[in-house]
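One chain, chain A, links the two complexes that follow: it is found with chain B in the first and with chain C in the second.
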Partner chain A sequence: MSYQKSILMASTNMAAFRSRLPAAARSTRFVPLLCNRFYSNTSPKTIASLFTVRRTAPLTSPFTVSSRRGYVNGKDEELPEGLRYTEEHEWLALEDGNLAVVGITAYASKALGDVVYVELPSVGTSIVAGEPIGAVESVKSASDIYSPVSGEIIEVNEQLDKKPGLVNAEPYRKGWICKILMKDTTELESMMDNKGYETFIASS
Partner chain B sequence: MLSLDTRRELALALTAILKRSNIATAAQSLSSSFHRHFSCSRNWRQKKIFDLQVYVSRSRSPYWNLSYEDYLFKKFPVYTSYSSSSTQVPKKILFLYTNHRSVIIGRNQNPWRETNVEFLRRHNVPLIRRRSGGGTVFHDDGNVNYSVMMPGNMFDRDEHAQLLCTALNPVFNQRGEETSLSVNERHDIVDQNGRKVSGSAYKLQRGKAYHHGTMLLNSRLDLLSNLLHHSVDGGLEVVEGPGVPSIRSAVSNIGISNETFTDAVILAFKREYTAGSENAVKVMYVDEGSMTKEEAPEINKSIEELQSWEWTFGSTPKFVHRFLLQDSTPAVSFTVKEGTILDLESDLPEFTAIKDRIIGTPYRGPEVASIINSKLWKERLIRSI
Partner chain C sequence: MALLHKLPATISGSCCIRNLARCSLVLDAASPSLHRTFASNSTSTTTPLLKTPLYDLHLAHGASMHPFAGFSMPITYESQSIVESNKWVRNQAGLFDVSHMVQHIFTGKDVTAFLERITPTDVKELAPYTSVYSMFLNNNGGIVDDIIITKHADDKYYIVTNAACRDTDLAFLDQQNKIHRPIDISHEILDGWGLLALQGPRAAEALQCLTDFDLTQLKFGNVGLVPFNGSEYWVSRTGYTGEDGFEISIPNDETLAFSEILLGQSNSVVKLAGLGVRDALRLEVGLCLYGQDLDETTTPIQASLSWVVGKRRRVEGGFNGFDLIADELNNGASRRRVGFLSDGPPARQGSRIYDETGTTLIGVVTSGLPSPTVGKNIAMGYVEKQFMKRGTNVLFDIRSRKRPGTVAKMPFVPTNYYR
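Entry: the complex of A and B
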């Protein structure tokens, strides 16, 4: 119990905390997973994850999809790195330069409840940022999804037809909704990153 | 012991009773003073004031009512977190309407699974697919529908259902009835026996949301169970595929008139969401004749879409419709997507012969029947599809 308490106390002082890390970890970028929002209790499992450091290699593009898979603890409860977010709670990850993968965040899927049906857009539709590209229906409520970027929809996640629950279970991995071939990558700059999205959720 | 403030208020109210002979108003002021006392001292909750607009439809056409509801929602302002300011009074719309007898299915449902299509056709009951999610409901003249539109950041599934319960329970009390309404975990309104009296559905869009529901007042429950008795329950049809399933519940009427219900609900909304003065809210009565020149084209276009086969049946998610023989062996299975037959599986010669011709035809009774030669199957499919 005291061990856990000391970790929490240390975490309030980032510098002191980092000095206790092994030398290699001190220099790499470290995303603190200290949001109480995500860790409601201090079980050993969650404490252990505080010490796992994500080493992000120098990137050519601001975000890559490989980091999407490098989760700390398999549960999709904290925000993975390298994604961008909209105010409508959609996330976007970049694959191969121009291909954007879009889905809804864990916050949104939790708010909706058990998803029973996902209305997918048709492959080949060309869309403008902000246009609806389908809807997610949970028990009783149908919620529209909006495209974060402009481009053409080149693939939709057919698995969601049979297993709409993937949106709840793995909103960032298997629960992706569609892939858009982007026309203009500058649209990404106006989207929120992890920190921005966390602040956005906290203030709403 | 009541606080000084309350005693003062009570004294004022009592003198008002003595002065005025109008007992109803004095009683109202008494109860409102009590209400204020209790809400202030127990759980202080700041009353949120809205710009409340109430629309009551005089039309009984389900197509017009649903289209007008969509129109109101389209015109409802978008409140996003970055545009809302504390000084701006948020808007709230209450729309009350009654439809003639019809069956309304949710946006992503399968009509063959949810309703008895044959029975619907035989009794000339229109089947309409609405734009919000949720399950299948039966509308008739003894059922008043309510629709509440609110800003997106104030979306709450239970708030308005709870308000309806608190609005209606005093009405039953006054009449000496033992009916008592409450909201269950599925956000339905149930009576004291646990029977459902209201079903709800919700739609969320950017910056705005609506909650609409039915209220069974004096509805034909016998027809309800026959119409919502699925075609597949008869045992001779099987529908496989995704789509939102309906959850069946025992239902009951609450037995008050449409006018009593409408008045009680409007009063409750006024009390809860406005500053309370008598002319804070103007109730607007609308129907086909009151449409302005700007509204009419959009609403009429929406009505046409609702009436089209492509929307009602054609937009069903991909499914397999299997017809069985009397001895429960499968006779033929149609795989249908976007209203067209994608594939046909059958061991019977009358279907294997026409398999190539039938793939690609719209899944409509007359079209399918015109390709099939067997008279028996023609009749059966015309009725069931």
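Entry: the complex of A and C
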């Protein structure tokens, strides 16, 4: 198993863990501890891998732990803290290391109106930043989703097949589009932060 | 993400019944990225947009305003999404501001003959105080604009045309006037007048509260001069949604007050509805949008609107493009407008249509969207005549992938006119 794949697997496990925790406890920082205390039936092996990830994840993440907490707990009508944005109104959250979660912003989903269909990319597809990876359809328009970064699609939000409205209701949470294993985390440097994106939408 | 649609070179509009939105265009303008394109490319940045008498009311109701046919028009309102608004109009009543449309008055004893020259309608037989869907035709039988003709008397007609066609219509009328040289005819445009469309199964109930005039006397297509609190407005029982409803022509300075009364009724069945939902409503009942579904290269026969050509006119002719239209009536047109149903991603304006093997290009979609009422994707477009039969399987090219659809009967949603 390659280095990247092992990170990926472990981080997916951690995401699954986090989702089982009480909302207030979903900060990455507390996951291992809380797991031990409240989920003692969890196999030691899984917990071990979580710790491994914490130690081996590349330290290139532009997101601080506290900002990740913002992403997890933020209200959807506000910009969650610590995300990166494109001029095409996609957001990106670095889940761990070089695993990016991608979605469209609340501003975009509001402008689209009720989303009735989301075209998802295929898992395993290699993509280059700026390439279309899917589309969001509302009654009034169809909009391409462009990949903010280069890499490989490793997971898509299949819930959107049945519930495309999640893109409107929870654009930063359950309405995420796909996860991309990034090739080059320096691509994040050219993306906007919260302040930059707020300025950008105010002027558009 | 960015919008797939490109802005059309010209913005088209609507006609009263039909009215409005060149929708996907307008609609597109509502998206963030497109809006930027729109602002930078549009001439609207150099020419100030016109405002209807309800402009301030739209803003007060949180409308998302966008340029349309030279006007700043409401696409959606804060309180309802397009899906919610669609449901509201189909169950209650929606109030649409269509004041941007062009209202004409033609008077004179030569008007009837002139209208019979430039439209395929039985204008002579049209009863006073009735209105009918029609179209201006060029010499090739192509549709210059689709219109509503209302006869008040044999020498007085009220006509509503599309806002986006204003310039081409006026040039066309001028040109036809020079060719046919009617002597006794005068033409006036009711600039600045308000035009409201009140649509939905509870429209009559809402309007009846404001007048002693018995609205049951007005059937679909009838027109009456209805008194409202000291004023009298022309009210036409027509619309562009497939529902029962009215279009009301009001002097500029009375439009706002009248609208506020309608919206302020205690039972509150009336809500403002924008051009966005109007597009979905009209497509659900198979009505065309000029500039998208109809244009100057399309004849009424190709557009599956041959019913517009009056019985007497089919025999006698005497209107622009008659030879060509008569030939198509007898022998069939090479292409026809049909409806489509599909699942998955919706086919929209510009999607190419292939036969079921995916090898032969057979036509193009002119309007399409996910229908809030049907719960499936609906579309209309033109296909070669051998593919027009209901149930024919086709493939739409959507984002470079072929997706299945089926030729289907229109309207997609049954109409609910008051007859």
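Side notes on the structure shown:
Please note the rule applied: the second predicted complex is superposed on the first by the 130 of 204 C-alpha atoms of A that agree within 3 Å, B and C clash if a C-alpha of one lies under 4 Å from a C-alpha of the other, contacts with A are read in each partner's own complex, and residues count from 1 in each chain.
Just so it is clear, a residue touches a chain if its C-beta (ideal position, glycine included) is under 8 Å from a C-beta of that chain, and two chains touch if they have at least 3 such contacts.
Treat the numbers as computed from the prediction; the structure is a model and nothing was measured.
Steric overlap between chain B and chain C is present once the structures are superposed on chain A. Look at A:Tyr85: by the touch rule set out above, it reaches neither chain B nor chain C.
Once the two complexes are laid over each other on the shared chain, residue contacts for A:Ile104 go to chain C alone; chain B is not touched. By the touch criterion defined above, A:Glu119 reaches both chain B and chain C. In the superposed model, A:Tyr172 lies in contact with neither chain B nor chain C.
Within the superposed three-chain model, A:Ser141 lies in touch with chain B and with chain C [touch as defined at top].
Contact with neither chain B nor chain C is seen for A:Tyr197 once the two complexes are overlaid on the shared chain.
Which of chain B and chain C touches more residues of chain A: that partner is C.
None of the stretches 203-211, 293-301 or 311-319 of chain C clash with chain B in the superposition except 293-301. Shared contact residues of chain A with chain B and chain C: 87-88, 116-117, 119, 135, 137-144, 146, 204.
Against chain A, the residues of chain B that register as touching in their complex are 80-82, 106-108, 131-135, 153, 157, 186-187, 200-206, 242-245, 317-318. Per the touch definition, chain A reaches chain B in the complex via residues 87-88, 116-117, 119, 135, 137-144, 146, 161-162, 164, 200, 203-204.
The touching residues of chain C, counted against chain A in their complex, run 1-5, 23-24, 27-28, 30-36, 75-76, 81-83, 86, 276, 279-280, 344-346, 348, 369-370, 372, 399.
Chain contact summary for the complex, chain A toward chain C: residues 87-90, 104, 107-108, 111-114, 116-117, 119, 132, 135-146, 201, 204.
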